[in-house]
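The structure follows.
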Amino acid sequence: MGLEIENLKLQFGGIVALNGVSFKADDGELVAIVGPNGAGKTALLNCINGVYRPTAGHIRLDGRDLTTVPVDKIALAGVGRAFQHGEMFPHMTVTENLMVGRHLRMKSGIFASALYFGRARREEMEERKTIERIIDFFELYRYRDTLTGDLPYGVQKMVGVARALALEPKLLLLDEPSTGLMREEKENFARYLLRIRHEMKVAIIWVEHDMQMVTDLADRIVVLNYGEVIADGVPDVVRRIPKVIEAYLGAD
Amino acid sequence: MQKKFVFRGLAAATIAACLAGFSPAQAQDAYKIGYITDLSGPLASSYTPTWEGFELYIKALNDRGGIGGKKVDVVLDDDGLKADRAVAAAKKQTERDNVLGIFGLSLSSTQGPVYAEMRKIGVPVITTFSGILDALPPAQPFSYSTGVVFEVAGDAIGELIQNIKKGGKVVGMTIDSVGGRAALAHNKKLVLAAGGQWDEVIFPVATSDFTPFAQAANEKKPDIVVGHYGSGQNLGVIPALRRSGYTGPYVVASYGVTEDTIRAAAQRAGSGDNIFYVSRYSSAFDKNPSVAEVAAAQKKYGTSKPFSSMHVTGWALGKFAEEALKKCGWPCTRDKLDKIVQTLKVDMGGLTGGPIEMVAGDGYGPTYWRLYAWNAKSNEMEPKSGWVKREAKGYK
Amino acid sequence: MARAGTNLRTSYLESNEVLRRPYQKVLVGLILVAAVLLPGGSSDYFLHLINLCLLACIGALGLMMLTGFCGQISLGHAAFLAIGAFTTVILTVHLKLPFIVVVPAAAVTGAMIGFLVGLPSLRFRGVYLAISTLAMHYAIIFVATTYQAKFSASASAGITIPDPTIGPLKISGAPTWYYFLLVLLTFITIGCVNLVRTRPGRAWMAIRDRDIAAEALGINLTRYKLLAFMLSATLASVSGSLMAYYSNVVTVEAYTLDLAVIYVAMIIVGGMGSILGGLMGAFFITLLPYGIEHLFEFLPRAWRFGSTVFGVQVGAVGVCIILFLLLEPKGLAEIWRRTETYFDRWPFRYRPLDTTRR
Amino acid sequence: MEFVATVVILTCTYALLAAGIVILYKAGRVVNFAHGEIAIVGGYVFYSSGMMFSGGEMSPWLAVLGAIVFSVIMGAFIYATMMRRVVGEPFYVAILVTVGIAIVLKSAIIVIWRAQHLTIDVGIAPAIRLAGGATLSYMDVASVALTIAFFIALYLFFTFTRLGVQFRGTAENPLLASQRGVNVNLVLSLAWIIAVLAATLSGVLYGGRAFLSTESVTIGLAGLTAALVGGLDSLRGAVIGAFVVALAQYLTVRLIDPVLSEALPFLILLVVMSIRPWGLFGTVEELDRV
């Protein structure tokens, strides 16, 4: 089933950010979205995520229409997002950031938590274990108790991805996760990305600038330009479409 | 890392100050009494001169050699017109300073809690200004007042303004406080009883532009306007009333209003004509030996505020305190002092119309009130009536 | 369970502990013992000040949860305190209900008002929220003033509340109150500490740090913001109710905007986002004016300084706010943490691995 | 007539305050909670410097000089020692610093002026007689004239002077402005000086019409309300907002219940904020980008 986007339109006053965008992403599929600056990539993610309400069109996840669902309910429907600049909670530790990612999977209310006894405590411990697996996955051991605000930029972005994954999403939105990473970090990230794709059955929408990484890793590439989809297909095909070369490489 | 040191220093100094402050009280060889009032809050301009009058008296007393060779030591605290600070100060004075009684105090909102708290411990509290009924018969134990009670003042003013014009329309103005409303109610009762008409304008406590309120009062076409509030409001209302075109009589009910306030207000209003003043104690302009004595002390010791009837008020309280302590003897205790005060009668000379007189079950006694008029030419206050006596009675 | 050192933890339960190092447990134990023994060795006046501090602690923790943890700035805390006080008046004077009913009722009323005052937080952020709480403050105080004025002709001095009784026990006098407040505050502190290390606390902090990201992770902003307002108002209301019982008098004049600012000062000085800071700030700001007063007493002819002392007392709060915000934004809690680290590591100077402390 | 005069004068007082708040908001996204305190302290300084050398008689020139010196020193001091350091901190830091400043200024009134009620007696003689016996003083006339002059000067300054244009640039994008060689520190301290000057003027006018005391600092809240009602980033809005607040206050006193007039500005504020949170003339703040 996966994600279905149909004729999505987003308008701010007179500015058209998205103009009839349609594409699909199946479960376990890694779809990269590329395009020059201002093409509407982040706006698209904001629509899927519920931060922006699209002017027209539909967003469906596993057949459920998410177009008008508020942000927090979209997370509940199974959409996890890693933000462009990490958007960490800087005064919380890595562990706590990840635990926030588990928020939806937990139940303790304010009274149970205040008592911190019995079920609430057991639940905390359970989820702490789950988090440990994610820490393991992203090799974040040494940062467990560090405030995310104090982390290097690259690590922050990885924690951002980890936090989105902690949600156990059906759809993972990645907003330029490799931008600002160093070479070594980028390679690590590529490894994580492939593992996520293979080990967890999530659809991934991956907004990216690095064309080489995209062509190496993505299952499909969607190219946006001025809010419109100008190409959609497997990397080898998309790479050779003249319009894409013009829009993308011509801008360089 | 300089800031670190600054902060450690700050913290250390504060802690040290706290610790040093809480050392036990020392042995004493003087009558120790407490005085709490508002020296910095909204009503500081009224209560500072009252305190200064009290201070003058005690200074003069100590220079005379004190009471039976023992000096009188006053512990002063400022409550800033805040109830919690007043209570804390009273507790501190009774416990740390071991005072025999507490004098002064500001408005009803601070007196109530202090009266209540001190009643528990058994410390007599004698206030100068009192909007509170605790002191009126049937009086609560340990609660006394020698000054103005709103209800009594409203009563006295209702009668005294008949000297200005009989049976006209009176507009009472006050701030939105319970005391002010109570004063209005009693004022109204007497005006209506004398065949006059009544209307009122009540405005918020924190008002400081009085023009709209003055205009509202003027529109009611009054023959007399009475203002039941303190200095600040008079300073604002009088010019605003004159600006709005009202030139008729305006009566200042002296809830701590000083003569220089009226002078300033009159100056701003453009004219001091038709301003009246009802006072519980003699005006500073009165020519009698008792007031002259206060004036002499003021010249000798100096005060920060110009000489006013508030100094007379404080001086009268000082006189009352001396008499009480003298009767109490040495060593004096709180209970003994309270017993003395319960039935104390102190002659006030020319400070007011008669003695301050307490009888069992009455912490207030009969009071005397007088109408003054502002003389715009000499910029002085002139008596317009004799002293009117109000009996203390149940106002509750 | 094996322990290799003070920083090594061998279970998740341990890693979620508040007092992570052995000496911290000892220290807290010592403080508690000292607290229990305190009334034996001090005057009623001193205990009275401590009681004021304990009452302030309850209110400050309420504001800390709202502003320090949930990031919603509020200038309406004095109004919340007033809600507690006036609920107490209505329930004790009109309905003659006992203490044991009144205080929980005040808490519930506080929660309801907190809900209402929190509603604008769904729409406004930052400055606009601060100002809407300011507006709420005036609205609530206006109602309270009207009530007090209508209450009785002699209510200008405030409305008297009798000493509370729990069954046969009468809570009266500084030492009894002290123990009562100490126990209550201990429970409230434990509750708050538990909250901030579990799910709701993390949700609040997430909202405070980055509300958009928090929402994207499925945190219901409406629910948690309102919960924070309700919790804050509940604690403030309880504090106000107890203050009413403690001082035996309620008067609306006590609940000024200045009081709200004083509570804000407490959490700034203590350190935003720290329970310990909330407590330290409440003690510091409550004792500050008395400390200054005593400093002035060392000066000759102290009584001459009447209004200066008060002016300085007022100003000191402002100076504290400015200095802490500019120079030590994490407040007293951070100073304490640094001191602790220094002695913990002595004679070495490396930083500890865990940098959090709430 | 009288009604118009009162509302106009009240509008002037609030508009000056609101203008200062708007300028500061535009300059550094700071909402100044200390504006009422600054205004009243300015009034006290005006009074004291006028009385300084002239034994009882007020010297207007000295007073004006004192007020200007106060504005320059105060504005530059607040910016240089405090507001400059809160750039980049969470929004509440700047607000709370101004709250701290407010407290310190209030304590200054207590310590320096002993919390005295003061009135400023320059030009209080009746100048114009209105129908119904009401009068306007020279001060009242001057206050209106000065306010209008102030706003015209402000307009000219922002439109025609180099510094004014730089100010507008800085307000829009401080980073870009500093890259283009604008001395941002100079521009922002100037904003503070202008704001303090406007507040002082307002405090003086207020001290002439009513009185100065620790209580009168509440006019700051009326000014803040006016600024918010008009829109925090619009000078035109400041005047309109001031008019709305003044008119509403006056009408409540005369037609409904005088006692309500204290809480009224906030009620207006709640209404405006729930309909148009950005105020009547303000621009909608852009959403946070993620």
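Letters are used for the chains, namely A, B, C and D, taken in the order the chains are written, and counting of residues starts over at 1 for each.
The rule is simple: a contact is a pair of C-beta atoms (placed from the backbone, for glycine too) under 8 Å apart; a residue touches a chain by one contact, two chains touch by 3 or more.
None of these values were measured; they are calculated from a predicted model.
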Q) Given the touch definition stated above, what is the smallest step count connecting subunit C to subunit D? A) 1
(Q) As a test of understanding: of all chains, whose mean C-alpha position lies farthest from that of subunit B? (A) A
Q: Please find which chain has its CA centre nearest to the centre of all protein CA atoms in view.
A: C
Q: Would you kindly tell me how far, in whole Å, the mean C-alpha position of subunit C lies from that of subunit B?
A: 36
Q. In whole angstrom, what separates the CA-based centres of subunit A and subunit D?
A. 48
(Q) Centroid from C-alpha atoms only, then distance subunit A to subunit C, rounded to Å. What do you get? (A) 40
Q) On subunit D, where are the residues touching two or more other chains? A) 110, 114-115, 262, 290
Q: Can you tell me which residues of subunit A touch two or more of the remaining chains?
A: 51, 83, 87
(Q) Among all residues of subunit B, which ones touch two or more of the remaining chains? (A) 39-41, 44, 48, 176
Q | Residues of subunit A touching subunit C in the complex | A | 49-51, 71-76, 80-81, 83, 87-93, 96, 99-101, 103-104, 106, 108-110, 113-116, 120-121, 123-125, 128-129, 132, 145-147, 150, 163-164, 167
Q) Quick one: in the complex, what on subunit C touches subunit B? A) 42-46, 48-49, 52, 145, 148-149, 153-158, 160, 247-249, 251, 253-254, 284, 287-295, 297-298, 303, 306-307, 309-311, 314, 323, 327-328, 332, 335, 338
(Q) With touch defined as at the start, can you tell me which subunit D residues reach subunit C in the complex? (A) 31, 82, 85-86, 89, 91-93, 95-97, 99-111, 114-115, 221, 224, 228, 232, 260, 262-263, 266-267, 269-270, 273-274, 277, 288, 290
Q) Okay, in this complex, where on subunit C does subunit A touch? A) 12-13, 15-16, 191-192, 194-195, 197-203, 205-206, 208-210, 212-221, 227, 231, 273, 353-356
**Q.** Touching residues on subunit B, where the partner in the complex is subunit C
**A.** 3-4, 6-8, 10-11, 13-15, 17-18, 20-22, 24, 39-41, 44, 48, 51, 74-76, 78, 80-85, 87-88, 91-92, 94-96, 107-109, 111-113, 115-117, 131-134, 150-151, 176-179, 181-182, 185, 396
